[in-house]
Structures are given as C-alpha cells and as structure tokens.
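Chain naming follows the written order as A, B, C and D, and within any one chain the residues start at number 1.
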Amino acid sequence: MHFASDNSGPVHPKILEALTRANEGYAMGYGADDQTTRATQMIRDVFEAPEASVHFVATGTAANALALATMVEPFETVFCSDVAHIHEDECNAPEFFTGGAKLTLVPTDDGRMTPEALRSSINGEENRGVHGPQRGPVSITNVTERGTVYSVAAIKALTDVAKGFDLAVHLDGARFANALVSTGASAAEMTWKAGVDAVSFGGTKNGCMGVEAVVFFDPKHGREFELRRKRGGHLFSKYRYLAAQMTGYLENDLWLDLARKANMANTRLVEGLRRSNSADFLWSPDANMTFATLPAETHEALFGAGASYHLWEGALDGAAPDTPIGARFVCDWSMTEATVDAFLAHLKP
Amino acid sequence: MHFASDNSGPVHPKILEALTRANEGYAMGYGADDQTTRATQMIRDVFEAPEASVHFVATGTAANALALATMVEPFETVFCSDVAHIHEDECNAPEFFTGGAKLTLVPTDDGRMTPEALRSSINGEENRGVHGPQRGPVSITNVTERGTVYSVAAIKALTDVAKGFDLAVHLDGARFANALVSTGASAAEMTWKAGVDAVSFGGTKNGCMGVEAVVFFDPKHGREFELRRKRGGHLFSKYRYLAAQMTGYLENDLWLDLARKANMANTRLVEGLRRSNSADFLWSPDANMTFATLPAETHEALFGAGASYHLWEGALDGAAPDTPIGARFVCDWSMTEATVDAFLAHLKP
Amino acid sequence: MHFASDNSGPVHPKILEALTRANEGYAMGYGADDQTTRATQMIRDVFEAPEASVHFVATGTAANALALATMVEPFETVFCSDVAHIHEDECNAPEFFTGGAKLTLVPTDDGRMTPEALRSSINGEENRGVHGPQRGPVSITNVTERGTVYSVAAIKALTDVAKGFDLAVHLDGARFANALVSTGASAAEMTWKAGVDAVSFGGTKNGCMGVEAVVFFDPKHGREFELRRKRGGHLFSKYRYLAAQMTGYLENDLWLDLARKANMANTRLVEGLRRSNSADFLWSPDANMTFATLPAETHEALFGAGASYHLWEGALDGAAPDTPIGARFVCDWSMTEATVDAFLAHLKP
Amino acid sequence: MHFASDNSGPVHPKILEALTRANEGYAMGYGADDQTTRATQMIRDVFEAPEASVHFVATGTAANALALATMVEPFETVFCSDVAHIHEDECNAPEFFTGGAKLTLVPTDDGRMTPEALRSSINGEENRGVHGPQRGPVSITNVTERGTVYSVAAIKALTDVAKGFDLAVHLDGARFANALVSTGASAAEMTWKAGVDAVSFGGTKNGCMGVEAVVFFDPKHGREFELRRKRGGHLFSKYRYLAAQMTGYLENDLWLDLARKANMANTRLVEGLRRSNSADFLWSPDANMTFATLPAETHEALFGAGASYHLWEGALDGAAPDTPIGARFVCDWSMTEATVDAFLAHLKP
C-alpha cells in the first residue's frame, strides 16, 4: 500500500525494454545518435509542433530551472503559485540557474492561480523603476502541487494575462500526462494552442527511470538552452539512454496509458474515501493525487498495516482517535485495484 | 572501428541486469532505499574509508562542479592543469557552481602537473591582498586528458605541495579505474592515502549508463554537497537506479575488469602503431587513450573503411599523403581485439 | 517643499568640511590610512564594541547585500518583512550577492514583524529535507519602510525567536539614527545587546554624501566580508573619503543631531496633519517618514505649489476632490520648520 | 616621495569645488537631476557620440564588471591580456557579475596584446561545440597594467580581429586620459572610431574622489546596464555627487591637464633614471607608470628617505647592494617636479 509518491514505483517494463534495445553497439554521444533523432521527432509529433526545440534532461528540477533560466533575466521575477514546486521543492534551483532572479508568489486556494490573482501580482511588480525586479515569465504547474488540474480554458485565461504584459509562459508538466488524461485535451491544446511558450514534459513520475523533455515552441531558445544545460552538468554523454526512455514512453501512447492507470486508481481511491464518509478532501482530486483528512485512528490502522504516504497537516502524536489529520495519497501507473481496495478496507464505514 | 570516445560504447550487460533487478516494487525516492545503502557501503569498501560521505550523480561535470563548489569559496581560485576537463570541457560549469570562482591553469607538457609548476602557480596567487583571488583547492585529473597517468607517488608529490599551502585536493577520476589498472594501485592508495580529500569516481565512461560517485573522505562535507546537489537539479528522485548501476559496476570487481579490457585494447593498439613505424605518439599512452600522428593517407584509408575517431591536430583537407596528422583514439571496455586488428591492418607497414 | 526622500537633500556642510580636511597630501588606498583607523574606532565607540569588524561602502544596497551574503549560504533563505527594502527595492541584489538564496517574506501590518509571524515563517521552512531551502538569517529593518520603529524590546523579541532556531540576525539600519532618536536607545542597546549580529549603519540618508558602515559584532566575519566587498566592486581605492564622511558624521554626535532634526520636522508635520483633520495616517509615523492620506484636492494644491513627494495609494487622475489619496512624506535633516509650515498651510482646516 | 599609486594622491581642488557647488538644495536622486544631465552631455561631447548611453559608478572594478556583464553571456569567455586588471586585481568580480563567464588570457610581453596572439586565443576557443565556453567580448586596457600604451592603430588592429569573429570590444580606460595624452588621440579616435563598443572611462585615478563613466556607443545596452548596476548595489541615491565630480573633471579639459601633469612627471622621472645609468626599464614607460630595476642599495636609500612605491620583482632582504630589483613608480596629477628631483637625487650617478 504505497501511496507516498509517484517516484517510488518501478520503471515500466517497456521502458526498460527500450533501454535494452538501445544498448546495441556504438552510438555517438551527446545526442548525435538515432535514438535521439527519433525521440525528438516523436515529441514534435505529440505536440504537433514540427519546429519545436526539444531537449532531454534527467530530473524535473533541471528541466524547470534550465527552462526558466533561458527565459528570464537575473534582474527579473518569475510569477508562480505560492505552492509551486519551483518555489517549495527545488532548494533555490531557479534562483541559482537564473543567476539570482526572484519568484513572485501568486496566492492560491488550491494550487491554481486565478487570472485575477496573477494580474494583481504582475501589477504589483515593476512599479519602482530600476529599484525592484522587472516582470519576467509566468510559470504554471499542471497537474498542480495540490492535485488539482487546470482546464485548457483556465490555462488560456492565464496566458492571456501574461501576454497582456508581454510575458512568456512556462508550463511545469511534471505530471503533464495526468493533466491531459484528466481534461481530455491534447498536448498541443494544453500548451502552444493555449499560449504556452515552453514546457517541462515529465516522464520520471509516470513510469520512466529519469527523463524529462524541455520543449520550446519557438526554436530560437534551443542553442542557449543547450549551453546552459551543459554548463549545468545536465548534458548526458550517453544521451541515447535518455532518448530511449522517451521513445519507450511515447510508443503506442504508453505515456497516456500509464497516466490513465494512475488517474483511474486515484478515482477508485477517491470514490472509496467518499463512500466511507470518514474523509474530507482538502482540494479537488482531479488527477492522480488526493489530499484528504482521515481520522487519526484510521491513519494508525493504515500505517499499522504497512501503508506508506505522507501526512500533510496535523500530527498523529497525542491526537484523539477521531481527530481529522490531513494526508497526501499519490497513485502511480503501477497502483493496482487490489491495493486500493486493501487500503480502503481500513476505512471506518 | 569506433575509437571516438569511451562514451559511445554500450552499457555493460551486467549493469543493465542490475537495473532490471532493482526494478522490483516500491522503493522510497532520493536515496532512502536499500540499493543506495548497499552501493554506498560498496564504495566505502572499495576506498577502505568506512566514514566517507558518498553521493551519486549522473554526469562527470556534475560530479566535478558540485564537489569543487563544496570545497571552494567564490573569491578563491582552483588550481588545475591547463588542459583539465573542468577548464576545457565543462562550459564554465565550475565557475557557475562555485558562484564565480576562478581556475588558475598550471602549464603542463602532457596533461600532468609537476610539483614545481603547481607550486609556482600557487605562489603566483594571493599576493595582492583582497585584490586577487585567494588560493583554493587543487584539482588533479587521473587518467589525464592526454591519456597519461599519474603514479601514486606523483599524486602524493602534488598533494604535498597543496598541503604545504593548506589547500584541499580534488581528484577528477572520470577514468579512475583505468588509472588504477595502469598503476596497480588500490583506490585508497591513489586517493586518501596519497593526500586526496575528494574524488569524482567515474562509472559512465567505463560501462555504466550514467553514474558517478562523489566521495568525501571527511564526511563533514556531505550535507553541504547534498544541498548543492539538489539546488543543482542533480538529485535523482528514482535514486535507486543510480545506486543499482553502481552496485552492478562494483560487484565482483566488474569495474576493474572493464578498465583492464579497455587498457589492454589500448596496449594492443599502441603496439600495432609502434610496429607500423608510421605513428608518432604525442604523449605517453598509459591507459585507454592514445594520441598519435598518422600519415594523412592512413587517416583517409581508415575513415574510408568506416573508422571513427577525432583528429587532434592538423587537418586532412589538402594535406600531402605523408603529412603526419594527430588523432585521439579511445578504447572502451567493449573494444575487441578483432576491431583493433582491423584498424591496424590499415596502417602502412 | 521637498518631502520626496531623504536622499534628495544636500550633504551637511560639516561632512563636506571633513572631506576637505581629508584631502591633504598622500594617503595609502583601500583603507590603509589614518582617516579609516579613526573612523573605525569611532564606530566601535558608538557601538561600545571594541572588537567589532567595521567596513565602509557607499550604498545601502551594497551594505545589506554584502552583509547578508557573508551570513547566508546559497541554499538557505533569509527571513524579512514583506515590505523590506532588501525585497522590494534592491532589484534582486540579495539574491545576486548570496549566489541565489531566497527571501522568505514575513507578513506585516505596518512594516514591523511580530515574533509570532516570524516564528511561523521560520517554522514554515526547512520541513522538506534537502528539497526546500534551509533556514538562514533574519533581517530586520529599523526604521521600517513604513515609517514605524521597533523598540529595543521588540527587536529583542525577534532575535529571541531567531536564536531559538540558531539563526543569525541582521539589522538594516539605513535610518538607524532616526530609530535611535525615536526610541532613546543607544546604538549598543538597539543591536548587540538586543541580539543583533550585524548592522548596516546608514549615513547616506542622514546627511552624508554616500557612506554606510557594515558592523559585525563577531569579527570572524571581517575577512570574508572584505573579499566579497572587493569582488562586488565596492572597495573604494580612495577609501579615506568614505572614512572622512563617517568621521564628520560621528564627530560631536552630528549624526544624532541630524536625525533629531529630521524626526522633529516630521513631528511638526504630523501634528499639523492631525490638527487639520484632513489626514488619515496609514501607519504610525514614528521617525522621519509619514504615510497619510489627504484629499485629492489638497494634493492638487500642494503639487501646484511645487511640493514634491510620492503618492502611495490611489491616483489623482479623475479622483473626486475629497477622495483620500495616500502619500509618503519624508523629512531629512535639512527640512526647516518654515517649509513644514508652508506645506501645512495648504491643508484644509 | 609618493610613487605608490595614482589612488593615493589627493582629489583635485576643482573637483571638490564642483562637489561643493552641487551641494545646493534639493535634487532628485538616482540621476534625475541637472548635474547628471549636464555630466552626461559632457561625456557625449568628449566622445563625439550624441547617442551614447552614459552611466556613472564609483569604482573601476564596478565599471568593468558591470560593462562586461552587460556584454557577455555566462557560458562565454572574455578575451583579455594575461595581466589585465579584470583578471589579476578584481578578486573574481568579472566572474561574479557575469554569472560565471570565463576569462581567456592572451599572453603578452608588455601588457599589450598583439593581433596575432588575440586571434590565436580566439581560435583556441569554441572548438568543442557546447562543451567549451563560447567566444565572448574582447577587453583591452589602455594604459596597460605595465605602463605601456596602445596607439589608435594598435587598438584598431585588435578590434579588427574581434570584428572578424563578430565579437564586441570593451576598453578598460581606468587611465584613459593618460593614454590620450600619450598618443595625442581624441577620445573618439581611441574608441568608437577604432571599433570599441564600450568604455570604462576613469576619473578616480586622475584626480577625482571616486567616479568612473561607463559609455556604450550603442545605447541599446543602457537599460540592461542600469538594472545590473542597481542589482549590484552600484546605483548611488545621491547621484548628483558622482555627476558633479565628472563635470568638475571635464570642465575646461581639467582631465587632460591632470593627465598631462602626471605623464610629464613620469617623463621627468624616466629621463632621470636613464641619465643615472642605474636603471633598467622592464617595459616602455609610455604614460604615468614606470617599471624599472634599481640596485638594491638605491632602494634602501630611497625607502630610508621616506619614498613609497611597490617592489615588483625580487626582494631586498639579503640582496647584494648592486642586485637589480624591480619596482613600479606611479605619478599622479599632484606629483611635483621637486618631488621627482628629490627622488632622482638618491640615484647613483
């Protein structure tokens, strides 16, 4: 009963197979190989963006920080949600890679910025001549860090605000596939057709070993990104093994199948929690993450039975049996119906 | 006939097997897993350093730049050879990760610093109060970028100079196994017993997919390294797959076997070149890299036959048939005797 | 009627005299001169801190950013108020000088952090292992950017919180003299006796041409600061002219006299505003800055009469005559009673 | 007998007068004042560059590092002489301000780069795809750090090389006036007419208190420079006092008069040294700095008589009386004929 994170499940066998297939003979390093050519083309096809500049790195933090560094000047500020991964979970990587740019935090209720809040935050900067930071790009996370999902229309509403200030837009898509499955949108609809300029397209959380694609729809950014990637130590010499993961991930829409499995497991979990009447949802569980409270005694029972997940608010120590304690539950592609059901069996009816 | 680089050969099957074995069920991310515990212990055993702080990253540039950033202040300078990888091949990564520290280049003939040249370079800095950079760590590469190897005594002579100025010493061991095989030294003898404080212990060039260990013999550096690693986007969420590569690499001394194979292939190549009387060696081919001149017509014949390698000095265009043109030949673990012989067959007798 | 800023008034004649006196013959550069020795001693005397490390720079941003850079690691975060000068008015200088550290903004009502809010912000960081930034120093501004003043007890309450987490404390004292005059505290009482570790001691806003002292009560920080200062281009070659400003500023308590004049002018202004019944104070005008609303028509009359100051909230364009519009009024040492009275004469009775 | 540095003499009285004149009443901060408008125009007139973007800072290191940071990307390298001030005497400020760009050192005999050596250094970079730094701007110092001077033709020959690679050119003119006086060239001839894109125009070493102008002949760089300047803590709030120094410096060609006095004093010194037959010149003393050897006993006599200057090569301790020991002698505007003669009186005939 492992609901701790979508980075603690195994790599999907087809991706290991792709690595094995790629392991034949010689291949020039640093991306000058056939796997890379093929993976690049597949990404362009997925995004319906034949000119896009496509780059692979191994971690989500690298993808985000390098993408933003390419889009921002060090005397600018990036607009993002107050719970954005780039703010809370990257140990100042954006500040580091951008040479000291700032993040301006847009307040959110559920991880999703509203157009009004974004506009207000943008209006709050660049009012002080050279004394304050200048306005830089907007970074949106979808699926958000609270498990909620922006619709394409909601993304478009944010990019409209950004474009009104002539600001570029980055999408942190660490769980991009889950967002697509949740909304039914295509990759193009969720990104460039909605005004997004660059995407961190996640693979790691959805069954890969460690690969993310950074996609710039305007290829003018490509060369600078590649120099920043090398300078950041993020250019793999044996690049074919990043590319191979990506081909295995995209072939026959495996990536969407995996996200569908994760989201469906989450739905099963949510329905069970609802039925139990013992859970309160902190935010809308739109994709593969659920934040909900359970009574302290239920947590005790679950942990006693070997479940793993993170408590989010409150603490079990000394809590009364019926005290509601928040937790985060994440389903990855490998979550089975049986495991969800075993989990649910511990809930009070 | 691929002699271009030791990053263009395949991953050794045993390392793929280790990845496959590691791909069972759940494992907590970021290093809180059994594979990591085991790989860490194996590294400590290899180095006979039970207290060492051990960290895995995916690229050599990350290993070097993060290790140095942990050891240097931004107002200091790192002493390294004038052809060091950290100077020539990392696109300013050391300057970036250190926050703007300088590299002071020690002149070398064959990639190896002499104690005299190192002392002279150190003496040349920190003579200007706060106006010039302050002296920082010494970084040594073994195998050097010219294919030469420092003996343990030569390493010791350099660390003695460094210690005389109270400076720490880093060893860039991207080809550390090849250096050990070449000298017969143990990992401990080549490092802490010889005065080295931190090592970038390479796996990628010697049969792994993408893994390097950074080892600090004084564990006080560990926490700072880990924060810098996360901030650099170099902390893998699915860390077990870095660790698994390393366990596969170290089990049953595979790492030394692979280096031995590479070095022996190189020896066979060197002997053939010597016999041919058509080659001049630019530097002593001590490990798995050979820099030598061949007549232009021989290069033409080799390239015509499908050989791949990098020319190093001079250009074929318009050269007379007997003009000597320099080249670099690299053997990795997968280089066969047959391939070496096929290569040698193109040499003029 | 210039109330725009305390950086737009003239330099006090005694400080110009000190510069002229210092302009005799040769003096070794970079601080190896008698003026510097004397100014350093005077600062130590003012702070009753004979061991303090004392350094002069020309701007407040340099003082703050260099002091913080000496106190923080790049993977940490600095706690400061949500309206701190280091956040709003230094164009990312702290992020730049610290190598990419973050600022965590403590919410305030009137520019003053409460111990509870500070504690809550500190508790909100460093809960995510290496994923989030680590807790770094606390930076307090006194006089605050809203014109309010912390008492010594209020400072002590904040440093107690900081010390409870083993965090260092920096005081941005761009208007330090005004805060002392306002509270009646001594320099020592306001700083090290209250738990402050480092101060940016302002001169520029209080009658100097351009000089601030950075004072570390633990001199161990001195050498690193000096290297960072030089690296930041903030070491003056003709250092005696920084030192001379400081000696002129401190001699015969000129600095306190000037702050007293500024604060008294402000008090006269505040009393006039109160009497007029046309002003609402946004925050408590404790020192030499007042934030208050006036009816739009009063602003029109004042600007028509040549007054200069910054509107703070709202806009005159299209406002009804009696619409209250916020503004900031700053008195420097050169503000005369006559000017204040001329200003007040424009208020509606 | 003070020959230690041109930063240890006093400020010229006319510049103090200009400061005093500027100290009347209110003036808006940060450059929005009449002094600044006037000083800017005077600089444009001096350079015959009506469109130039002109910015004042207080130190030479700030001028150089900020100018270069505006012209270079962090993954590039700056080409400069192996004894450039930006390399030897700025404690890594260029690396800091550029976000980690590298300096590529062009070997020189006498502080002056030759076109051949510059071309060779440029050819030596950017041969490794993304692995090495990319070529960035060329920085030339005139007067050089060895006291030699580039002619306009020599500058032009270097900028021709740079332009052949499409690289921008910066001129470090900390002693720009001395170079003009030495060559008879105009400011325009020495800079944009010779292919220079940006100049650090020095005032501090030539009689000012602390002011340098950064001039971009293409004003497109202006805004970025201003944001970088603020971010670097180098924007003066009481900016009029930087501007006033510059107006005092430029009025009635004071700047050229002062440089002429310094260069003439140096010529008198050089002639005396030549006559004495006891000196060997290390490099051609073209402006206001002379590097020469004198017998150890002469140094002893001079120091005994109170002379101040820096030894450059060798050490007096234990030297035989006739051992030649190198030294640097610098004349500033305030050096008198009498002082030079007093110095020369100590030489052996």
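Quick note on the criterion: a contact is a pair of C-beta atoms (placed from the backbone, for glycine too) under 8 Å apart; a residue touches a chain by one contact, two chains touch by 3 or more.
In this text, all values refer to a predicted model and were calculated from it rather than measured experimentally.
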item	value
Minimum number of chain-to-chain contact steps, chain B to chain D	1
Of A-C and A-D, pair with higher C-beta contact tally	A-C
Interchain centroid distance [CA atoms averaged], chain A/chain B, Å	34
Mean-CA-position distance for chain D and chain A (Å)	51
Centre distance in Å when chain A and chain C are each reduced to the mean of their C-alpha atoms	42
Touching two or more other chains - residue numbers and ranges from chain C	74-75, 90-92, 96, 99-100, 130-131, 227, 230-231, 235
Residue ranges of chain B touching chain C (in the complex, touch as defined)	30, 73-75, 99-100, 129-131, 134, 224, 226-231, 235
Chain A contact footprint on chain C (complex, rising order)	74-75, 77, 88-92, 95-96, 98-103, 128, 130-133
Complex interface listing, chain A residues touching chain B	2, 4-5, 7-11, 13, 16, 19-20, 23-30, 57-63, 65-66, 90-93, 96-97, 204-205, 209-210, 227, 230-238, 241, 308
